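Next come two complexes, and both contain subunit A; in the first it sits with subunit B, in the second with subunit C.
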Partner chain A sequence: MTSIRTLSQLSRDGLKRRLGSEGIRLRVPPFVVHIRSPIPVVAQGLYQLYGDHEWLDDDTGFVDFHVAVQPRRRWFRPLCVFEFDGFQPFTPLACGEAFAFLEWGLNWCVTGHCHTLLTIHSAVLEKNGRVLVMPAPPGSGKSTLCAALMLQGWRLLSDEMALLDPQSGHVVPAPRPVSLKNQSIDVVRRLAPDAVIGPVARDTLKGTVAHLRASDDSLARAGVSAPPAWVVFPRYQHAAPLNVEPRPKARALVELASNSFNHHVHGRTGFEALAQLVDRSQCFDLQYGHLPEALAWFDALEAGA
Partner chain B sequence: MGAAPVLAHLDRSADFVVKVWADGAVVYDEADGSLQALNPVAGEAFQRLLEQPGLSPTALGRLLLQEEPDAEDLRLVADLLREFESLGLWERAPA
Partner chain C sequence: MSLPSLDLLVNALQQPASLAGLSLSQWDLLVRQARQADLLARLGAGAQEAGSWAAIPAAPRMHLASALQLAARQHVELRHEVRAIERALRPTGVPLVLLKGAAYVQTGLRAAQGRMVSDVDILVPREQLAEVESALMMAGWVSTQRNAYDQLYYRTWMHELPPLRHMKRGSVLDVHHAILPPTARYKPDTGLLLRAARATGADERVFVLAPVDMVLHSAAHLFHEGELDLGLRGLLDLDALLRELGQEPGFWLELIHRAHQLDLERPLFHALRYTHWMVGTPHPDATVHALQASPRVRMPRLQQRVLDALYLRGLRPEHASTSDAWTPLARSLLYLRGHWLRMPPGLLAGHLLRKLGAVVRGERASHASTA
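Coming up: the complex of A and B.
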């Protein structure tokens, strides 16, 4: 049996050195990414959150995305830029946001360039071979729910995008750290005091941002795609009682399409893949104000109650 | 009662894909990638028109109702066709 090399086999200093020079090649399923950055918080984030990802110590293999987070200026509000193939698609951000910038930049790489799969802005988890798709706008509590479900034993496929194979209709895993914002960081800390949360970036456009490490199981089965079974549109409302309504399939399809980054690229095939996803899924609107109540509902849903 | 619109062969029928469920339907227009959500009866009607372009309103009403449509039914069918027209899903034949 061949064992893979993981990033955790590098020391923290070794990782920092490599990132600042030739960079590291990391398997971030289903992609391979080459990352460079001399900024310490990027090394810290990768060390804490990507330790179990495969480190490809071979500079000859194919790489999907060459990215870097580089310092823009050292003094007076130090800034950093995200680079993709040397191109800088975004305005600079504060250096303290460098790791979050890497995460956001990787999301952009996938949604902007991966068109063999349909990409849908959504959290995605799996349990017992059935996939839960949760599309929702920012502020809906999607990532908090996603993190809590993962900590409760659901397998994380992604907290940011569903990668739908239009041929098989299965969702392809892309497990990466879960992005937590503002109060949800403390919610998750209370829920799982031992959970690994990476660098905290404050005063970003999204408020305070930190990332939660993907579960071991999610990474171990990153090669295992699965068919969708549920589409749930969550909405957090402070202190609201749990309220679940079936969502008409037609409305679910239109909403999924509006959350898709590239169904138009696939034309008719893309529409049919989204329609098939809806066809084979139960669709719900979920309003929740108490996380434990929502988690219990998901467990009952999965158990078929 | 106004005259029902004359149905024409839908030249763009190949552009459309319609997905119908019991609780509604969605039409995809391949020409511009747009989606239109329709209520169940509109979805059913549009699917019939795609399957049989050139249906008269009476024939369409008959297919939807599985019985002979009365004047009120025909008015509702005409409303549906006007809705399809306003959504760009249907075009009348030039006179």
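Coming up: the complex of A and C.
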């Protein structure tokens, strides 16, 4: 077996130089992306968080998404734009947000161009071959839970979107850094002082944003899809006691559909795939105020089921 | 100044059997160019029909499959919209006449294969415009343009109402009362078009333009709107229409006759010239000769050469790999030409000043659809 080259084989300066010129081709399973950016914080984020991703050191292959984050100076404030093959789908952001912009831009690439799969806005993890889907709106504590579960040994499939294969009913992994916001950055730092957290972007539309590196195991098994077993709708409530209620399947289906980016594109097949997901899974509403309590509940769920 | 080759994309679209032999780096460029030109699904449909689908490597095939999935869904939604519009118009007695993509899909033409259709265009008599608008409003379609100048601009100078959006479904409907603005150099008679419209096989209450009119409208739209972002797609629409409808006996003679009658000889001439040059569309020499003889087509050689230089750039996909240093200038000049052809100079100057003011105030995004 030939060993793959990873991004960590490049020095920090080498990475920065390449990003600013011909760019870096990176396998970000299940895709290959080509990233260009002369902005230092982008190089820093990639260096810290994508070190174990495969670096494709030749330009003869196929790339799914050619993206760039380029500086734009408007009046006095340095801004940056996200480019998808020359096209700018978003308004510019402050330069300090360049790495977060790259992550958001990549999410957009996937949800906008992968209609062979059903995409659902949710965190997805796996343990012992069974997948946990956590769809929830921002502020529900979904990412904090997702990060904590990953740090406790669950395999990360995605912190942002479930890629559901409507044929097999399995979830396709797309492990990338976990997006953390505001207090959850400190929560995760306290939980795992060794965890690698990338550049911190302050004063974004979502507040302070940083990304947590995906676990080695998540990346190593990125090619392994798995069937869903649980759908949990989390809701963080400050200092609230743990409260878990089974959610009726019909209501779970409606909520999943409203969190899906593209089930309408699949028409009936899309509806049936979501229905099957709900049908196969135990569905719960989870209210939590203390992270350890919630984590213990997930472990019991996984062990007992 | 030589333009980069467009062969990869054009060959892939016109000879999809050749797709089996492409390398991964050729696929990389092809998918990028086709996406920019909104032709990914058409590429996929061609590959499926030619039997070369299975030979496409999995990674690029995913992008084609994704685009096909989206196009297929748009066609389903389009048919649903068409039924809803037909029901809404029924009380007015105005027949539903579809234009462009909606017409190709409803008729099942080859031009519809893998064609993205995000909105519906219809043609109604100007005298019944108010009646049609209120019937549509009763059924849930509301105007997207809230700005008073845009409303005035559309209603005074344009050949269509400001786009309507359905309140619940979000679908967009363009109601035309002519195929070119009333102030345009050329003045095709809407009455002639409507009288020749024919029912589609799928539904006898839904009409489309006669075959020659469909071609002429497609040509007028492409060469007079001045917005060529999807120029290559426009050429390929024309290519598919001409190849399929051109099989009918008498089609080409009727096409010239009708172009003369509708005052659309110039756009037809350009359509035949550039489809032939850029995507290899066949047409009888006699048709082109007959058009060239018309005083409304003839122009000084230098003027024709300038137009060629502009269109051969402007009609290409807006991608770095298909452009040269002159492309941005060519696009700007064609944009101005489109406006020049549709408005008298005084009116044009006033309109462009307003648009400039809007750009300076940073309102570009909200006005993009009227610019």
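Everything that follows uses one rule, which is that the second predicted complex is superposed on the first by the 302 of 305 C-alpha atoms of A that agree within 3 Å, B and C clash if a C-alpha of one lies under 4 Å from a C-alpha of the other, contacts with A are read in each partner's own complex, and residues count from 1 in each chain.
In the analysis below, a contact is a pair of C-beta atoms (placed from the backbone, for glycine too) under 8 Å apart; a residue touches a chain by one contact, two chains touch by 3 or more.
Please read these numbers as outputs of a predicted model, since none were measured by experiment.
Residue contacts after overlaying the shared chain place A:116 against subunit C, while subunit B stays out of touching range. Put subunit B and subunit C next to each other and count what each touches on subunit A; the higher total goes to C. Of the two partner chains, subunit B is the only one touched by A:253; subunit C is not.
After overlaying the two complexes on the shared chain, residue contacts for A:87 are found with subunit C alone; subunit B is out of touch. By the touch criterion stated above, A:275 is placed in contact with subunit B alone, subunit C being left untouched. Applying the stated contact rule after C-alpha superposition, one finds that A:61 touches subunit C and leaves subunit B untouched. Of the two partner chains placed by superposition, subunit B and subunit C are both touched by A:267.
Common to the subunit B-facing and subunit C-facing surfaces of subunit A are residues 264, 267.
By the touch rule above, subunit A contacts subunit C in their complex via residues 32, 59-64, 66, 85-87, 113-116, 264-267.
Contact residues of subunit A toward subunit B in the complex are 248-251, 253-254, 257, 263-264, 267-268, 271-272, 275, 279. On subunit C, the positions that touch subunit A within their shared complex are 23-25, 27-28, 31-32, 35-36, 57, 59-60, 62-63, 65-67, 69-70, 73, 76, 318-320.
Against subunit A, in their complex, subunit B makes its touches with residues 17, 19, 21, 23-26, 28, 30, 33, 35, 37-38, 43.
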